[in-house]
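Labels run A, B and C following the written order; every chain starts at residue 1.
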Amino acid sequence: MEAQSNWFRETANRELKNELSQLFLSLLPPGFTILRQIAMSSFPDPTSAVEHARSIRAEVVERMPQLLEEFEKNAVSHGAKVLWARDARETTAMILDIAKQRGINYVAKGKSMVTEEVGLNKYLAMNGIEVFETDLGEVITQQLSLPPFHIVGPAINVSPEEISAVFLKKGIIKEPTTNPIELGKAVRAYLREKFWHLDMGIVGVNMAVAETGTIINVENEGNIRLVKSSPRAVVAVMSLEKVVPTMADAIHMVRVLCRNCTGQKMSSYVSMDTGPRKFKELDGPDELFIIIVDNGRSEIYRDRQTREVLRCIRCGACLNTCPVYAKIGGYPYGFAYSGPMGQVLTPLLVGIGETSDLYRACTLCRACKLVCPAGVDHPSLLLLYRSREIEHRDGNGQSLLRRLEKVATFLASLGMSNGHVWNLGAKIMRLVLRRLAHDGYITHMPLRAKAWTDCRDLPSIPNRTFHERWKDLKGSDYTFGNRR
Amino acid sequence: MVSLFIPCTVDLMMPEIGISTYKLLARLGEKPVYHTDQTCCGQPLFNAGYRSYAKRAAKHFIKVFGDDECIVSPSGSCVSMVKHHYPELLTDEPSWCDRAQALSNRIYELSQYIVDILGVTDVGASFEGKVTYHESCHILRALGVSDQPKKLITGVAGAQYVELNNATACCGFGGEFAIGYPEISEAMVKDKATNFLKTGADVLLLCEPGCLLNINGYLHRNHPDKRAVHLASFLAGDPVEA
Amino acid sequence: MIIRSGTEGNLTMTPREEILGRMKTAEKGKAPFRPSMPPLTELALDGEQMIQRFTLELSNQTGVVHRTSGKDEVLSLLTEIASREGLKTVITAGDDVIHSLDLGAWGAAVGVKVIATKNIKDRETLREEAFTADAGITSADFAIAETGTIGMIFNEHQPRLTSIAPPIHIAIIPVERLYPIYESAIERVFKNVDDAPSQFCFITGPSSTADIQAVQFKGMHGPTKMIVIFIMGQA
């Protein structure tokens, strides 16, 4: 999928006015948050459960290359074919190759964000392989060519009317209907035949267990189980950070993931594959390919300051607590990953220079960091990207506006490093701002500051700063009371 | 000996909050000092990504406040900047970094200082009417201060405390965010204002100057008969200035 | 596709060497200490409490749980289910528990066609039978009280599709296989890594989704209904 975060602003403003989006955003994130809290309270000590999960992810990040090697060794010893792909191009070419060599003309896919990241669907379609998404939300976003609205429910906000229209066109339904259950059941019927005759399935991976060489998928619909069981060839695509050290760790992470993702204590199906089918088994793949995808992550790993981004387990708890996401939904983030999780990952995958809105559209409220069961420090990362953007600008030619901003900031820093300059600066600011005030308030400000006064007033700047009033205060006669 | 750290927003735009802070501490038996060469903690620069400039502000701050036993400020975000970000900013200059670390143990947000250090919850203030409280992001999540302001509020004779719906939701200020993403910011502050109005409270209390500018700015434009007040002013019993 | 290319490395290196190499030569950090957690409260449940907990949890997911004393009760329960659900064809796994019920004879007696997977020779036949059967009847290797979950090891006696393709899944489980938490299953299944099954699955209730307008329903791609029949031990 192409990163389109330069239209962040326009899309955000459009979503602010979209009644349906706003309705879902007022209900869904708080709803998920409550469910998560209830589910987490089933742990005897939820805080220690979170700390334990964070330490597992911290270990994964620090031991990643060793764990990946251990995973590969164990997976291969059970007959899996483990392949490594450096980037999107290699990943998609590899998968196409596997399909072509086996005479495949269609594949069915379980939901996989990394395959969205590398643009797999489009690539396969371009090369004559029909791709059937099977997760209901993905089916809808695929048919409507929409980005995901929410990591767990990518099409949860889409109106049944819209879904009905496109399903009618595609022959998934014969009669229009706006009943969500009828629409869902129609997809069941439509895809059933695809599962039945499937020759190659593609799935993502929630966890890859190093200790045993097992891949784990967590789902509710059953499409992933079908995609892994029915065909002869299964391709599981995982990004580097999916590895976990042991089965015991994986089980704890399954508990934590389910609770943080959907507020369930356990999802309907947690399927664990260790190699392809064994001799005499009737189903399961003859060939299980596991593709380990880098796509920029080994570079992220090399940088000690960004390495922790790889802790993320894609649960979406951060989306549900983000006050900005709560206003704009997933579309403005313009990529497979939205919300705070996307804000910390996408700039590293796509480039700091092209994703400014992603790391600046944040109030640094820290709600994400506090809730994250993997221990990602989103605010620190976003602040880091902001500073890297400034450094990057310094190194490469900047626009006039940016140079003016830099000068203004430099002057501000002079004011901040010297009390006299500060007081002088205050006097100058006062002269300027006084002209804008009327009736004690400023209701219009020029240039960039106009953004404030478009919806807010600003109190007129007072005659004297605190500095200037201090001498009066110092000399005044306040009763120094007795400390209670 | 308490040293006053008056945030730049207070110094320039709302000095009365600084005055209330001084009066309040004086009433509680402190003799606050104020270093006149203080300026700004540098948070706006740091948040914008200008770390080298922010460092200058940080070093100046450390020079000004470095010898104080105890520093108190009526702003959670400024305290958080000093406590959590100064060591990070100065990580490659060990001697400055050490001084920043030392400082971080001696700086407090105002309500935190009054309740945790002075052990006071009744400052002798009174107010007839309903009040409610907005939990600003930094004071709540960066400093873990939540009970302290509430204890001080409920300690005010005559004040009827009403819980604010979504009290912990961000008000949409976020410094440069309010200017950079005004539409989203407006949507967030609108929610905050709506929840405030729903409480039927006479006044919305908070501990953060930035939130105050944001929320009052919106209220003055849209609901001019309602306002938010800094806890320091409220506790000092200072008249709410128009 | 915009994504940055990672191919600026040595062209004679394989992708694997390049990726691992880049990570291995990076600055090392320390893996943190793993803080402990208090044991799960489910570990304190006794036999009866486990069944009740299992039943409560699975019922919350619309699953149905029965207790039977042995083969006769199981078969009469199946007859009832077959009649209520209008079952014409069922597909059954080929493991010991199912084998001992002699479902072929039962089916003949009540007019239900029973396809035993042990008589199926290839993938194509299995797929056809699994996707057209009205119900799949299997055993399970574990039942977990924690969340009303069953654990199934898939192998030559227990194919995967039997429990996921048909719209109804009936799992017949000796109660000795009921344990308090997932670890009870995992520690046994993966005790010897070399012998790890090709697939092991935790199943909690029927298939479900809420992807359209957050309206939840059961039976998205997997079973719409799930029934667990415990065979109680000797008193």
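Everything that follows uses one rule, which is that contacts are C-beta pairs under 8 Å (C-beta built on N, C-alpha and C of every residue); 3 or more make two chains touch, one makes a residue touch a chain.
Since we're looking at a predicted model, the values are computed, not measured.
**Student:** Work out which chains are contact partners of both subunit A and subunit C.
**Tutor:** Where subunit A and subunit C might share a partner, there is none at all.
**Student:** Of all chain pairs, which one counts the most C-beta contacts?
**Tutor:** A-C
**Student:** Based on mean C-alpha positions, I'd like to know which chain lies farthest from subunit B.
**Tutor:** Of all chains, C has its centre farthest from that of subunit B.
**Student:** Centre to centre, by mean C-alpha position, how many angstrom separate subunit A and subunit C?
**Tutor:** From the centre of subunit A to the centre of subunit C is 30 Å.
**Student:** Using Cα averages as centroids, what's the distance between subunit B and subunit C in whole Å?
**Tutor:** 54
**Student:** Mind checking the centre-to-centre distance between subunit A and subunit B? Centres are C-alpha means, answer in whole Å.
**Tutor:** Distance between chain centres: 31 Å.
**Student:** Could you say which residues in subunit A touch two or more other chains, in rising order?
**Tutor:** Residues of subunit A never touch two or more of the other chains.
**Student:** Give the residues of subunit B that touch two or more other chains, as numbers and ranges in rising order.
**Tutor:** Not one residue in subunit B touches at least two other chains.
**Student:** What are the residues of subunit C that contact at least two other chains?
**Tutor:** Residues: none.
**Student:** What part of subunit A is in contact with subunit B in the complex they form?
**Tutor:** Touch residues, subunit A against subunit B: 9, 12-13, 16, 323-324, 327-328, 360-367, 369-370, 380, 383, 385-390, 406, 409-410, 412-420, 422, 426, 429, 440-441, 443, 448-449, 451-452, 454-459, 461-462, 464-467, 469-470, 473-474, 478-484.
**Student:** Taking the touch rule as given, give the residues of subunit B at its contact with subunit A in the complex, in rising order.
**Tutor:** Contacts found on subunit B: 6, 10-16, 18-19, 22-23, 26-31, 34, 36-40, 42, 44-51, 53-54, 56-57, 59-60, 64, 88, 118-120, 122, 124, 137-138, 141-142, 169-170, 172-189, 213-214, 216-218, 220-221, 242.
**Student:** Per the contact definition, I'd like the list of subunit C residues that touch subunit A in the complex.
**Tutor:** Subunit C reaches subunit A through residues 1-7, 9, 14-16, 18-20, 22-41, 57, 61, 117, 120, 122-123, 126-128, 131, 146-147, 149, 154-156, 159-161, 164-165, 182-183, 186, 190, 193-194, 196-215, 217, 219-223.
**Student:** Mind listing the subunit A positions that touch subunit C in their complex?
**Tutor:** Subunit A residues touching subunit C: 2-3, 24, 27-28, 31, 43-45, 48-49, 51-52, 55-56, 58-59, 61-65, 68-69, 74, 77-78, 84-90, 92, 117-119, 123, 134-137, 140, 153-160, 163, 180-181, 183-185, 187-188, 191-192, 195-197, 211-214, 220-223, 225-226, 228-230, 232, 240, 247-248, 251, 254-255, 265-284, 292, 294-296, 298-299, 301-302, 304, 307, 349-351.
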